[in-house]
Amino acid sequence: MKDANITGGEHRDIWVFAEIQDHERVLEGALELITRGRELADALGERLCALIFALNAEEYLPLIERHGPDIIMYASDPALKHYDDRIIPDLFAGLIAEHRPSIVLFPSTEAGSDLAPRLAARFGTGLTAHCTGLSIADHPEYGKNLLLMERPAYGGNAIAAVMCPHARPQMATVRQGVFEKRERTDVKTEIVKLSFSAPGSDGRIESLQAPLRRDRPAVPLEQARVIVAGGRGLGSKKNFDRLYELASLLGGETGATRVPVFNRWCGEERMIGQTGRTVRPRLYIGFGVSGQIQHTASIVESEIIVSINTDPESPLAEMSDYVVTDDAAAVLEALIARLKAEKQS
Amino acid sequence: MLSILICVKQVPDTGRALFDLKTGAIDRASAENIVNPDDLHALETALSIRDTVGARITALSMGPPGAREALYEAAAYGADRCVLLCDPRFAGSDSLATSRALAAAIIKTGPFDLIITGREAIDGSTGHVGYQLSEILKIPLVTRIHAYNIEGRYITIERLYGHEYQKIRASLPLILSVGREDNRVRFLRLADIAVSSNTAIEELSMDDIGGREDEYGITGSPTVVVDTRKFNHTRSRESIEGGATEKARAIVQRLKKHGILQY
Amino acid sequence: MDLSLNGTQLMVRKAVRSFAREALEEWAGVLDRESRPLPSELTAEMGRINLWGIQAPREYGGADLDGISYTVAIEELSRVSAAVGLGVTVHNSVCLAPLLKFGTQDQLNRYAHELASGKKIGGFTVTEPQAGSDAASICTTAVRKGDRYIINGQKAFVTNGGTGDIFLVAATLDPKKKARGIAVFIMEKNMPGFEVGKVEDMMGVRGNMVSELYFNNVSVPAENILGRAEDGFRVCMQALDIGRIGIAAQALGIGMAAYEAAAGYAAERRQFGRPIGEFQGVAFKLAEMKTGLDAARLLIYRAAHLKDKGLPYSVESAMCKRYASSVAMEVCREALQVFGGYGYVKDLPVERYFRDAKITEIYEGTSEVMNIIIGNAIMKEFERM
């Protein structure tokens, strides 16, 4: 087994994989990562480079440029319309070998989670998955200016801080929504178009038909972007059923604690807090949820937590960004009304 | 007959374990060890392939001697052959060192037509191993399999990709990565449990799989955990006041600020 | 001496627990509310995973597990649904087990596979409207006619009565001989004259179709007598020794469900600014529950262990049933108290556990009958000294 580990020479610069989502827009998480990458690059006194591989990649350049990379490298080709694991890893690996970045960051999306571990294996370097924090730090043993990567561990009960002391590049996939995106006007961006020609297939995998758009299925809770969850405090199945309307207004899914499931207000597939079922939506709203440990341990990784119940001291309120002390059913109705009104206006 | 390898990992049941209040580390004594849930889904895929076209299933686990329990369970589900990759020098492996060791063991015990892994383990939650096996073994990987059909040396697969689906035809060998939404794991037959404890488990050490010691274990792991602390569950706890209507308006306004509502 | 479960027993626990949680849990409340049996697909799936033949040899489609694994399986089923736990334990321990122990090769060929695979569900019946603890006073008669027996009479409170297919039925060949006149017959529901009477509307275990059975000139071949004709009473008593371990495991499962619900609730429910479990009034209740349940489990394992080793276990079986059923009742009572008003309403399953627990002090011999058995053994021991 030979690793293409780059040991000789200095590694410089921070790279961000600027993913294009559904071949039609720049992924929010990519802009967030460019924003954070900018700050890290400034701390190191190095350059920030964003990489785009897409069909009609030029379309996305201005938006990415506004978020302050020093360099944008892009390739534009019909073969790059979808993320393809037979093309992008080779292309990306070639660029790493040539330019020797010190840090490479990926959004922890489906594509990022495919690309990053492949590159880490090729270069024999470390990768930290689903990070929620990135900073530059010194370590008494490992030296100065290392990337400190923080990620949830032990089912979300702990945060582990991870470094990659020797191998390069240092790599991380980063949870979406943990950094804010911000535009920068003070950086002059150099734009580099990469020459690219699609490689021929090795015949091991062939497409039988072009990818088809499908209706979004009922998303498993683990993948939901927004979760509205109900607990005992909703009081009745009638109130619980109103969650579905709110979930649909927010583009999310409905979850539950143990009590609604016990009471048959909903099926067990909606229960959060079973073995292995951890949800990490951007938004979690708990209606009448007090927050038993099994439940809270499974939602702590949510980006924003809102609790709506009558007890401001409840464990869920303790861990919430926003605390509403009120009757859950009443606020649920008010929220539905408000969102409907906004959608119409 | 196809030859299938599945990877199984023994993990603490993080969903039910207790945690140290200071460090957030798992209290191992309180945690029951289970087979990693996604790996059971991988096993289920292997079993249903065997049910339709016939296959011999090898279960491979890397872990301490106690991981034999996970292999007995795999045997109870129907694995024909069990291999435990066990050596104190593997301790402390990160995802890359783990992938290297598993790849070397797969080469040693193979060849296989299909390698099936769970999407991710509930203890590490990296989801790296499938992809890294694909890189190291130079075998293509397919994820999120919606439907499949095996015809000789080819599999046609309908797979989900983002919000799209794709129909592909892949030649063997192939790696599949399977998660909990991909199938429903059958229930264990008690009769199979009773005989699984007699299953012979082949043991492999680091020397058996070859390679250099610095590729595995702590020395072979590029990443280092420098600190672990209890996740601070306390957040800003901004209290939202007023009547129900004002509260609703205030919540909606906060959601917009966070970019969750986009209109 | 090793008091921990071995690898097989642990895996049995894991397997039955996950089946109970994933497949049975959604039905537990429904069976109770509607007093209806499990859907037949689930009964069939339970057959596939060998729950209807837990200790039966593999040649009959069973799992050939030991007695401790058996109690573990019954505990796990009963934790989720006491009614399902009941159906399974009665089928296994007082129908299939006596058949396997006393049955002729011909009887085994005809019935063992059908029962162990769950294609047929079994029951066992001694009790009659006028004959309960005094089993020797039964009135159901069996009269020899050529190579057949004609059975007449009525049985009461027959577990699996409404859904079962094959029953071990105690009948008297000669009422004057009392216990010595009793024979046990293997009877099939489709035998002419065999009728299922009223299905009882019960306080608990409502998912089991406990019913009356009527026999009106049912003609049973003589080769359907289980064991020797004059051995019927002994067959019954041995069946009950096995059966009591299963009922004790059922009681333990019900108690565990109530205890876990109460402990979870005590950690979650906050009053006066902290979880109610932090108040001694509640914590002590939980401590008593846990201690009692653990003690019951050890008594159950011991009885099963003695049985596995082929040693006498009749008294130990009575003791584990006597104790586990009381603990279950006590735990459910206290669990309901921990839940307060929420425990008393039907939204939560705690009141169901409470109702289910009570029967374990009654069937397979009441607690008082258990004490008679235990007391007799004590006197036998000390009078000899």
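Per-chain residue numbering starts at 1, and chain names A, B and C are given in the order in which the chains are listed.
Simple rule for what comes next: a contact is a pair of C-beta atoms (placed from the backbone, for glycine too) under 8 Å apart; a residue touches a chain by one contact, two chains touch by 3 or more.
Given the structure is predicted, the values throughout are model-derived calculations rather than measurements.
Asks: Farthest chain from chain A, going by mean C-alpha coordinates, please.
Replies: So the farthest one, by centre of C-alpha atoms, is C.
Asks: Taking contacts as defined above, which has more of them, B-C or A-C?
Replies: Of B-C and A-C, more C-beta pairs in contact link B-C.
Asks: For chain A and chain B, what's the span in angstrom between their mean Cα positions?
Replies: 20
Asks: What is the distance, in whole Å, between the centres of chain B and chain C, each centre taken as the mean of its C-alpha atoms?
Replies: One centre to the other, that is 40 Å.
Asks: Where the centres are mean C-alpha positions, what is the separation of chain A from chain C, in Å?
Replies: The answer is 52 Å.
Asks: Where in chain C do residues touch two or more of the other chains?
Replies: none
Asks: Where does chain B touch two or more other chains at once, residue-wise?
Replies: Touching at least two other chains: 34.
Asks: Touching chain B in the complex: which residues of chain C?
Replies: 7-8, 10-12, 14-16, 18-19, 22-23, 45, 48-51, 54, 58, 61-65, 69, 73
Asks: Once bound in the complex, which stretches of chain A touch chain C?
Replies: Contacts found on chain A: 258-259, 262-264, 267-268, 290-293, 311, 313-314.
Asks: Using the touch definition from the top, list the residues of chain B that touch chain A in their complex.
Replies: 13-17, 19, 23-26, 34, 37, 94-96, 99-100, 103-104, 122-123, 125-128, 131-132, 134-136, 140-143, 156, 160-171, 180-181, 211, 215, 221-231, 233-240, 244-245, 247-249, 251-252, 254-255, 258-261, 263
Asks: Looking at the complex, which residues from chain B come into contact with chain C?
Replies: 34, 69, 72-73, 76, 187-191, 193-194, 196-197
Asks: Please output the residues of chain C touching chain A within their complex, sorted ascending.
Replies: Checking each residue of chain C against chain A gives 25-26, 29, 264, 267-270, 273, 347-349.
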